[in-house]
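This is the structure I have questions about; it appears just below.
In order of appearance the chains are A, B, C and D, and numbering begins at 1 in each one.
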Amino acid sequence: MTHIGFIGLGIMGSRMAANLIDAGHTLTVHNRTAGKAAPLLEHGAQWAETPAGVAQGAEIVFTMLAHPQAVEGMLGFLPALPDNTLWVDCSTTNPSFARRMAAEASANGHRFIDAPVAGSKKQAAAGELVFICGGAQADIDEARPLFEAMGSRVAHVGEAGMGVSMKVVVNFLLASSMAAFAEGVALGQALGIPREALLRTIIGGPVAAPYLSGKQPKFESGDYSAEFPLKWMHKDLHMVAETAYEAGVPMPAAALTEQLFRAALQAGLGDEDFSAYFKHVTG
Amino acid sequence: MTHIGFIGLGIMGSRMAANLIDAGHTLTVHNRTAGKAAPLLEHGAQWAETPAGVAQGAEIVFTMLAHPQAVEGMLGFLPALPDNTLWVDCSTTNPSFARRMAAEASANGHRFIDAPVAGSKKQAAAGELVFICGGAQADIDEARPLFEAMGSRVAHVGEAGMGVSMKVVVNFLLASSMAAFAEGVALGQALGIPREALLRTIIGGPVAAPYLSGKQPKFESGDYSAEFPLKWMHKDLHMVAETAYEAGVPMPAAALTEQLFRAALQAGLGDEDFSAYFKHVTG
Amino acid sequence: MTHIGFIGLGIMGSRMAANLIDAGHTLTVHNRTAGKAAPLLEHGAQWAETPAGVAQGAEIVFTMLAHPQAVEGMLGFLPALPDNTLWVDCSTTNPSFARRMAAEASANGHRFIDAPVAGSKKQAAAGELVFICGGAQADIDEARPLFEAMGSRVAHVGEAGMGVSMKVVVNFLLASSMAAFAEGVALGQALGIPREALLRTIIGGPVAAPYLSGKQPKFESGDYSAEFPLKWMHKDLHMVAETAYEAGVPMPAAALTEQLFRAALQAGLGDEDFSAYFKHVTG
Amino acid sequence: MTHIGFIGLGIMGSRMAANLIDAGHTLTVHNRTAGKAAPLLEHGAQWAETPAGVAQGAEIVFTMLAHPQAVEGMLGFLPALPDNTLWVDCSTTNPSFARRMAAEASANGHRFIDAPVAGSKKQAAAGELVFICGGAQADIDEARPLFEAMGSRVAHVGEAGMGVSMKVVVNFLLASSMAAFAEGVALGQALGIPREALLRTIIGGPVAAPYLSGKQPKFESGDYSAEFPLKWMHKDLHMVAETAYEAGVPMPAAALTEQLFRAALQAGLGDEDFSAYFKHVTG
């Protein structure tokens, strides 16, 4: 049993925190909007008025926030932590930011893992997230039992900063396979192939990303309730572009994908699931 | 047991024909270059000097040729066929061509299926091709036992012409997922993630097309011996572009993918496997 | 004074033919739709019922048709020409077609220039076209007085076929500068710069293609009556793509431009001037 | 005669400052690297050890720096300025930064114009720059005599921030016309048109940006000594991408152009003139 500090109780964080409690750990939590913490407090978590309050007596701290600025706004917890504590940032930030956070942690005498997740609301609730981790092996081993309470798999890809680096790559592949799939179906339809035959033949086959089968009900029903909103995918694609610029890597397919999703955003689909890109293209 | 005419004995056709013989059927075969027929003739096939010679007494005819012009060059068999025979064209042609072939067949009193295959040399040898078929249900049922001798799955996607329409879509998805994968790995490497960790995390996961795991030995060994040469993938991508133009469907991702593969072709990779695009991008 | 055969009396051809008559030459003309010839006949031209009729006694033949197939449909004039006559094809065709026409001419004992024009309806009427010519120097010199009756400049760029090769390049530059201009204005507007200031600062300046100033009244009035319809620009962009494929030259910017214009076509702008792409992008 | 503070004495700033002195004004100058100021000090300028030193008694301040961070590093001059002084930032920054600088100036009781320039080393030396200005009309009128000492034209495009907004648009048009030009020439060459004929026909014609004629000697000689280095063009293209992201405007052509220039950067052309992109593509 570990005493855990947890900051960030949105769609993802609240479900992850609940799974930690269910696994028998004690949690002190904080969130920018206090009201969102209510269900967790009933579930047994303790409330802290400030990020620093979360740090008191914590053996480990998790943060799960929407973007780098939000992480930066919570950094008050760092100086308040017991010496040499492990901070696990599950937020999807960008590589240069994560390296900076690792340095901040170190400057305060602590250790850092960036551990963004693959999976959305459903996987968070079911404890089936994949944690894509950058950091020292020993630190990842220390956090592993907690990762396992929240997820089904831990991928250790390198040192601090490389978790989000890999996440950035993964999100680009997610978006670009959606973009290609939608174009392919649009062409098939224009050639007279029924959409049903296109979905049946492509999805689950060797050339389609397996995650597409989880989106198939949306393609069929036209109900694109957000699991991962298109506006966040667009933001992540821009992070890919930023990262590629910093790294000096030409990424023409990624650059185009960002523009295509921006057109869908401009068409008003930002709050729907990112798979609504499909309807944007195929009608 | 069926008496089959088979025209086109290249890498794919020779293996498909051998599987038909192994399944107990008799074959009369023809090929532009007679020499390539030798192994099959030893295996029990009969040689015809002309396409028309293949037609004599055939209950069904298969063609497996490299491009539309090659199919057109073999059409001499059509007038020589017994009345109302089924012609199955397994060549990867383009939709408007396939519709024209269906009309040619009909004008000669015959029936037509376009049945391009998914899979390459290895699947052809193992009898594990997927036939993507356009044509009448009854005709596909008639050919089904033969498809099953050569493949593992028959996908019926619509009327004549729609098999190659679907194939065109599938090949685009194949190429575009390779292009995105290569860009993603290039970025990951530039960020310091070891290539091995990138392959391990991406391939087999939810965002990568499953066929990539079959290419993993190539990525690891650097040996890109052709299963499906890059120059043919480039040609197929151009067919996608042609088809999209005729259909009036904007396909920005497909258009970009064609250009990216053309750069790889220009760099001298045309005769290697199309997955050599990976080394072109990731170094 | 020359006796000229002229085939193709559309928007461009009829104006070009009229200028030849005005310069004192005699014309025998033919057009697929006979009715369109009426004004020219009143203006002094003689009608021929067939392409071959145009050839009788011609000292030189001009063709000005909409596409390669239309040129092919008129080839009946070739065998009927007096020996060693010069044929000037002003149609915008593609390089491989033009080289084939050169060979056809030669096989019939004649000479060939491809001389597509830069300029549209207004320049045709005013005799201000630019002729972009491929062919032998002596042949171009022979045609020069007639070019000068119809245009203001003759650019000799190489041997037969290179006129349309250059035209293909020029049309791509035309379209791509329109596409970039529209994107730039869209961004400027979103940043709050008044459209009027954008047009004033960009058009006529060092970074904007000079032809844009001729389109400025359209941008300002919103009246995009066709000088050069968007659907033809889209067709020409596809010809660029075809030509680049045949030549093995990667042209990512050209490939994207074709897709962007196709989206405008799909949005219903095909019959408006190609500069209507501007309103498609900037609202 | 005005007493002017001038910060930033690089390739551009040193030449602009010299022209101000030549026009009879007195200058106090500062530069991060003091050594670069030497020629100007001999020319009559006075040195200040700090940005704040420049502010003493200044009637107007010009800054000409390489990027936003450099501008930020010099802000020490703002609090030291006499009340209600005009600050003219000629640096090419980005719109959101320029708006922030306008707010900083205002918070210190001063006025702000963003006035990035069109033109490079040669135009700076000759006093032929174009100033693209955002700000209040009265402020631009106040600076006009000084602009005229350094340049040939003042374009007032809107309020503060819109000068760099327009500059961002202009630089995108600059790069995209270079990219299209290079692709067009590459195609023309592959079709057999001599490069010389391509340059002669395209440059100076209606479809080519007029600035290309200034680059023609580079295309002909192969000497791409930097006037505006490719690495800075790449940086500016990224600023376009950033700005388009913030503004929510899809810019597929701009996004592609950035990637194309990045490939040239990766190929080692960063320190050559941005027109070296031409040789990267045409060989």
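The working rule: contacts are C-beta pairs under 8 Å (C-beta built on N, C-alpha and C of every residue); 3 or more make two chains touch, one makes a residue touch a chain.
The shown structure was predicted, so the numbers you read here are calculated from the model rather than taken from an experiment.
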| item | value |
| --- | --- |
| Mean-CA-position distance for chain C and chain B (Å) | 39 |
| Euclidean distance of C-alpha centroids - chain B vs chain D, Å | 53 |
| In chain D, residues with contacts to at least two other chains | 248-249, 251-252, 256, 260 |
| Graph class of chain-chain contacts, one of line, ring, star, complete, other | ring |
| Pairwise chain contacts, counting only pairs that touch as defined | A-B, A-D, B-C, C-D |
| Interface residues, chain D side, partner chain A - complex | 238, 241, 245, 248-252, 255-256, 258-260, 262-263, 265-266 |
| Touching residues (chain side chain A, partner chain B) in the complex | 95, 118, 132, 155-159, 161-162, 165-166, 168-170, 172-174, 176-177, 179-181, 183-188, 190-194, 197-198, 200-202, 205-211, 240, 243-244, 247-249, 251-254, 256-257, 260 |
